[in-house]
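You will see chain A twice below: alongside chain B first, and alongside chain C after that.
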Partner chain A sequence: MSVTRKVRRPASTAKRLSETQRRTLTAYLFLAPALAFLAVFFFTPLVRVIYYSFTDFDLYNASWIGTSNYSELFRDPLFWLSVRKSFIYLIATPILIVLSLTLAIVVNRKLPGVAFFRAMYFMPAVISAVAIGMIFELVFADQGLLNGILRQLGAIRRPIAFLQDPDLVLPTIMSVTVWRGVGYYMVMFLAGLQSIPQERYEAASIDGANILQRHWYITVPGVRPIIVLVGVLSSIAALRAFDEIFIMTDGTGGILNSGLTAMFYLYRQAFVFNNVGYASAIAVVFSLIIIVFTAVNLKLGGEQ
Partner chain B sequence: MSSRARPLNVTTWYLVLLAVMLVTIVPFGWALLMSVRETSASPFPRNGPAQLVPYLGLIGWGEGLREAKQDGLYNGEGGWWRDYAASPTEVDESRERPAYMFPLTTENYYKVTQDIPIGRYFVNSLVVSIGTVLLTLLLCSLASYPLAKMRFAGRDVLFVVILSTLVFPEQLILIPLYVMAVNMLGFQDTFHGLILPFAASGLGIFLLRQVYYAIPDDILEAARMDGASEFGVWWRILLPLIRPGLATLAIITFVASWNNFLWPLLMLTNNQLFTLPVGLAFLRGFFSGNLRTIAAGIVIATVPVIVVFMIFQRQFIQGLAGAVKG
Partner chain C sequence: MKQLRFCLVLVLSLGLLGSALAQSGSEELAARQADASNPFWNPNEENLASWQVIDGVEEGAEITFWTMSLSPTFDEYIQQIVANFEATYPGVTVNWEDVPFDGLQARVRNSFTAGNPPDVANISPAWIAEFAEAGLLMDMDAAMAEYPELREQYVDTAWNTGAFGGTSYQVPWYLALSNFLGYNTALLEECGLTVDDLPTTWIELETFASTTLDTCGYYATSLNFGPATEQYLMDYLIYNDAVMVNDDSTVDFIEPQASEALQVWVNLLENDLIPRSSLTDDHRNMIDRFSEGETLLVMIAPHLLRLVDENNPDVYEQLAVASGITGSSGASRVDVQALVTAADTEFPNAAMALALFVTNPETQAEFSKWAGIFPSNFGAYSDPYFASTEGGQLPQIRPLAFDYVQNADNRSITFPNDAEVQQAVTEATQLALLGQASPQEALEQLETRINEIVQQ
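Let's look at the complex of A and B:
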């Protein structure tokens, strides 16, 4: 009896152990391919970019130069100009939130054919920013749609140089980013709107609230999580906007650096000038700025 | 009272909807209009009405087709004609027609197909996007299953590690990724070089994990009782159940890959391998003077996407809305 027990007990623990081990092994086998890809294409570059930022690197030979890149960066007026341009680009975010929420309210009404309109508004989101940048080059050209309409209306005598005037380049490109994003974020707000119970609006109308009050006191608090989500997503998108800027400034960053956002400056230093080490320092500093900005955003969104 | 106010209300609503739709589609319409014009002169002349309505003019295929026919240089099928190089003023003088009309021409489309292999770029984009979608679906649906449905050591840590990939901005890893792709992996001018870096997505894993969560454990237990292996459970039972989630992820991944510009721009030097966005940018750089050829290129590149989108618009919109809710 006692012998068999002694024999049996280790056997059963061994079996139980191997059961857990087997389950863990299975789980890791399922995870292994994705983890391998993330390790190679995400975590390795993440470590390397920090290393590069301390080197003088022209793509072939790297030499350790300590923190010189960073001290140079903090003295580089173009870098701070580009950070400022990126933050100006962020003005697109509140505009996007207001426009896409308003549009979501408009298309949330149950009317025949409203699904068609939703689809038409969403459509720009599936088209490449390159094509859209090129379409708007045609729209903003001297002989383009906007100048043509304005001239036909008698509002201007000479065409407005939307993409040549240094003061207009960035707002013009931002308007394209907004145009492209409104439908996309509208769909996100739509998902949030549909979870607000209809009775609240009816109760508010009975209490005599007008349409603006109803939306301000019911809709806005009701979709607050989505506002935070759209705010975070669209500000990250605005901070790394590149394709539109590249196309609409001929790949130059605009006359007098008028379209030189931090993302574009990074591209220029790394891939035009081959200053890989310096560009890595830009990437690290600018990413830190983005992470802090996003964290503050989330914190504010969560507290209110 | 309220019943009388209603119809007016609905009409106003439709007017608002239509007005907003104009803002969305007029730029596309403008590109279309430019692409069928014969000259680059502004459709809004200084004196006279806007030339916005085309009439059927230069329908045919090839440069200067109409001129060739007029001069008797075109002899039907398989024929040839001299190159068309008339300046806009010459063209205008040689024609007797109302000044505010313009003939519809296919010439700009012909030029696009002559100057860049746009059909090939289309196929390249399709290959890269479908490859990315298939690999992403495979990797993410495999990885998110144990994260949602198994208990094992290190699960929570791993999940946090995977989620952390969403926190870091993309541009942070762009430079070293490029250096690795060029110096070590030999990704330049390859399609797998455009697919592999984007295959494992933290967002995809997160999204599918939510979908797996919604599946009751009883189904899995029953299958395991029947002696199915974990892989068998995943392949035969779970994959069919998470199909809507897979569709959402497929759509998001496809659109992102189809529109990806910077990475292919950095990776591709061989102009036979360009994807559509890179090809379009190339066309634009090539003919920065000729707006009409560019417009024709834009139309060729975007119309198929718009058609596919209109067919699957319900899936697109519900997929994105579902991803937000989930």
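Let's look at the complex of A and C:
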């Protein structure tokens, strides 16, 4: 015996809304919580930051000052220095791509214990940036692990001032960013590698291609979308780098502003100097720079 | 940064308060609590009447009191303060909340921004300028004008610490004696030196550092030019009588004293008389290096000596304390914990009454018995505890405390846009220390930059 259940709808609603309208309404109702969340935590702050960038907001008071923050910003040598440092930080991106792809190729084999190595390589991605920063502060200290090893090997006589030499501060911190990110992006590449049919490698081997040729002509084109994705994500992450810099420079931005990236300069203006209006202008301009950079990045990635 | 310097000292000292308490043991505490003559734990009607010093305390007032990182170690102490206060001012209720140091500055900022600040809060004096500049704090000089006899009880230099525009916005709570010199007696002997050879000025330190490195291969000391630095250039110059501050907060460096003073630091670093990592070290690093036996000296507040004991009991066994290194002025300072009151509190009299109650002689004397800190209220020193050298906290230092506090001279300047000035000072220091500018050039640039910032 079959039971047919009729769904009763109020006659008036059924008359007012067509099927399409009902579906649309349902979709929006499902979207509503997420939209409300975005409105509160994304769109409203975004609009307020843009508004504050035209004020002298100092956390307590705000007056409209027009485009003064922007004109001051474009004349501020420290801002342009910080933008330059942020772009220098981008050197981490190709290093990350090469290292994480290489690691992915290495662990993409059926070897005993490979799962353990995959987990180990991924581990830095799940450790907090604060813990990583503190650990590497010890690694790079004058009596730290790295100087100790170099001294034991006889490579140096005096400790290298990784965090006291203005020329070394940024590269030192970038190396931590690379260490932290390489396992994370490795997992992405690993997923990409596993989608490449094994037959292609076998065919290439039969054709006499060596290992480098096989990876250059099969692996790299096969994971090109992942390379673009990793390139974009790691570039944005590099431009927004803050945690490692903050921890490893003890919140100072490095000796003689050697680690002063745009994000750190924004933080300093907003939360050390309380120049929230000016910091908002930095946020707006730097966001635009990141958007343009990402668009170019995607365009180039797509064309290739 | 100067702000961080105060905060670091605070964090270290608060961390030590816990260990100090643990060491003093609950028996001492229990004895004091059971002592019927102890006015703090067992106040009588006479005590309560003597503590009622503020007129017009609002009937039915409910006030919020934020302390900094005192819970859970000092819960009993603070709860007793609240009980005594509520008994002194019947009808007034205190809602006490302890806020960890790490989030306190942000939390105070947010509370002011949200229009819901605590009525009384314990903050670092270095934060006062920011809030005072925005008109958010009660002018304590004006508030205390009616009570000159109460105002006189406080150590003057502590009262004026963190003053902004010549006005004090805080009631000083507990103090730390900042300027002592710890030294490793075994290393001193190994270097063929005696206590009479210890440096008392920065100039002497340079010579001493050269001697120790040449004769026995030890660093005399490390310095800390990093965050939370004790070696804050502006203070250093001020205590070397090398800065003149004008009425409009602009500064003039007095030459050649200023350049000569900075040159001493440059010499120490350039000639490898201190570890190079001094450039980024903080005060904790200085203590750690001393604890590891790497250095002979540590510039230290006595209540922090326990850190050496925790790090390395062997070095602590060899530790002795002498007078601190001073600038040419010879002055020493005290570190201060400040109690501030919101300018627009609904209950200004109750809030001020609480700030004065927490800092009254009996309440502060009791706190000193729990931890190696000292009262900002001269009246507290009449407690026999401060004259005794038996038991309790810092027994060797305690009898010296009154004179130290009485003669302390806190000369640090709080500028308008103080954080920006501090950043400029840090950059000038680094320019000179790294040899990218001569001391004179760095100071000329700094003078120009400070005067630009304060006139913004």
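For this structure, a couple of remarks:
The rule is simple: the second predicted complex is superposed on the first by the 279 of 304 C-alpha atoms of A that agree within 3 Å, B and C clash if a C-alpha of one lies under 4 Å from a C-alpha of the other, contacts with A are read in each partner's own complex, and residues count from 1 in each chain.
Here, contacts are C-beta pairs under 8 Å (C-beta built on N, C-alpha and C of every residue); 3 or more make two chains touch, one makes a residue touch a chain.
Keep in mind it's a predicted model, so treat the numbers as computed, not measured.
Of the two partner chains, neither chain B nor chain C is touched by A:83. Applying the stated contact rule after C-alpha superposition, one finds that A:252 touches chain C and leaves chain B untouched. After overlaying the two complexes on the shared chain, residue contacts for A:279 are found with chain B alone; chain C is out of touch. Looking at the superposed arrangement, the partner reaching more residues of chain A, out of chain B and chain C, is B. Once the two complexes are laid over each other on the shared chain, residue contacts for A:92 go to neither chain B nor chain C. Contacts of A:59 after superposition: both chain B and chain C are touched. Within the superposed three-chain model, A:136 lies in touch with chain B and out of touch with chain C [touch as defined at top]. Of the two partner chains placed by superposition, A:260 touches none, neither chain B nor chain C. In the superposed pair of complexes, A:124 makes contact with chain B only, with no contact to chain C. With both structures placed on the common chain, the touch criterion links A:161 to chain C but leaves chain B unconnected.
Where the contact sets of chain A with chain B and with chain C meet, they give residues 59-60, 141, 250-251.
Chain C contributes residues 1, 4, 109, 112-113, 130, 134, 136, 226-228, 275-277, 279-280, 282, 417, 419-420, 423, 426-427, 430-431, 434, 436 to its touches with chain A in the complex.
Interface of chain A with chain B (complex): residues 20, 23-24, 26-28, 30-31, 33-35, 37-38, 41-42, 44-46, 48-49, 52, 59-60, 103, 106-107, 109, 111, 114-115, 117-132, 134-139, 141, 143-145, 147-149, 151-152, 179, 183-184, 187-188, 190-192, 195, 226, 229, 236, 239-240, 242-243, 246-247, 250-251, 263, 266-267, 270-271, 276, 279-280, 283-284, 286-287, 290-291, 294. Taken in their complex, chain B has these residues touching chain A: 10, 13-14, 16-17, 20-21, 23-28, 30-31, 34, 40-44, 46, 50, 138-140, 142-143, 145-147, 150-155, 158, 162, 165, 167-180, 182-183, 196-200, 202, 205, 230, 234, 255, 258-259, 261-262, 266, 276-278, 280-281, 284-285, 288, 291, 294-295, 297-298, 301-302, 305-306, 309-310, 313-314, 316-317, 320-322, 324-325. Of all residues in chain A, only 58-61, 141-142, 159, 161, 163-164, 166, 249-252, 255-257, 268, 272-274 touch chain C in the complex they form.
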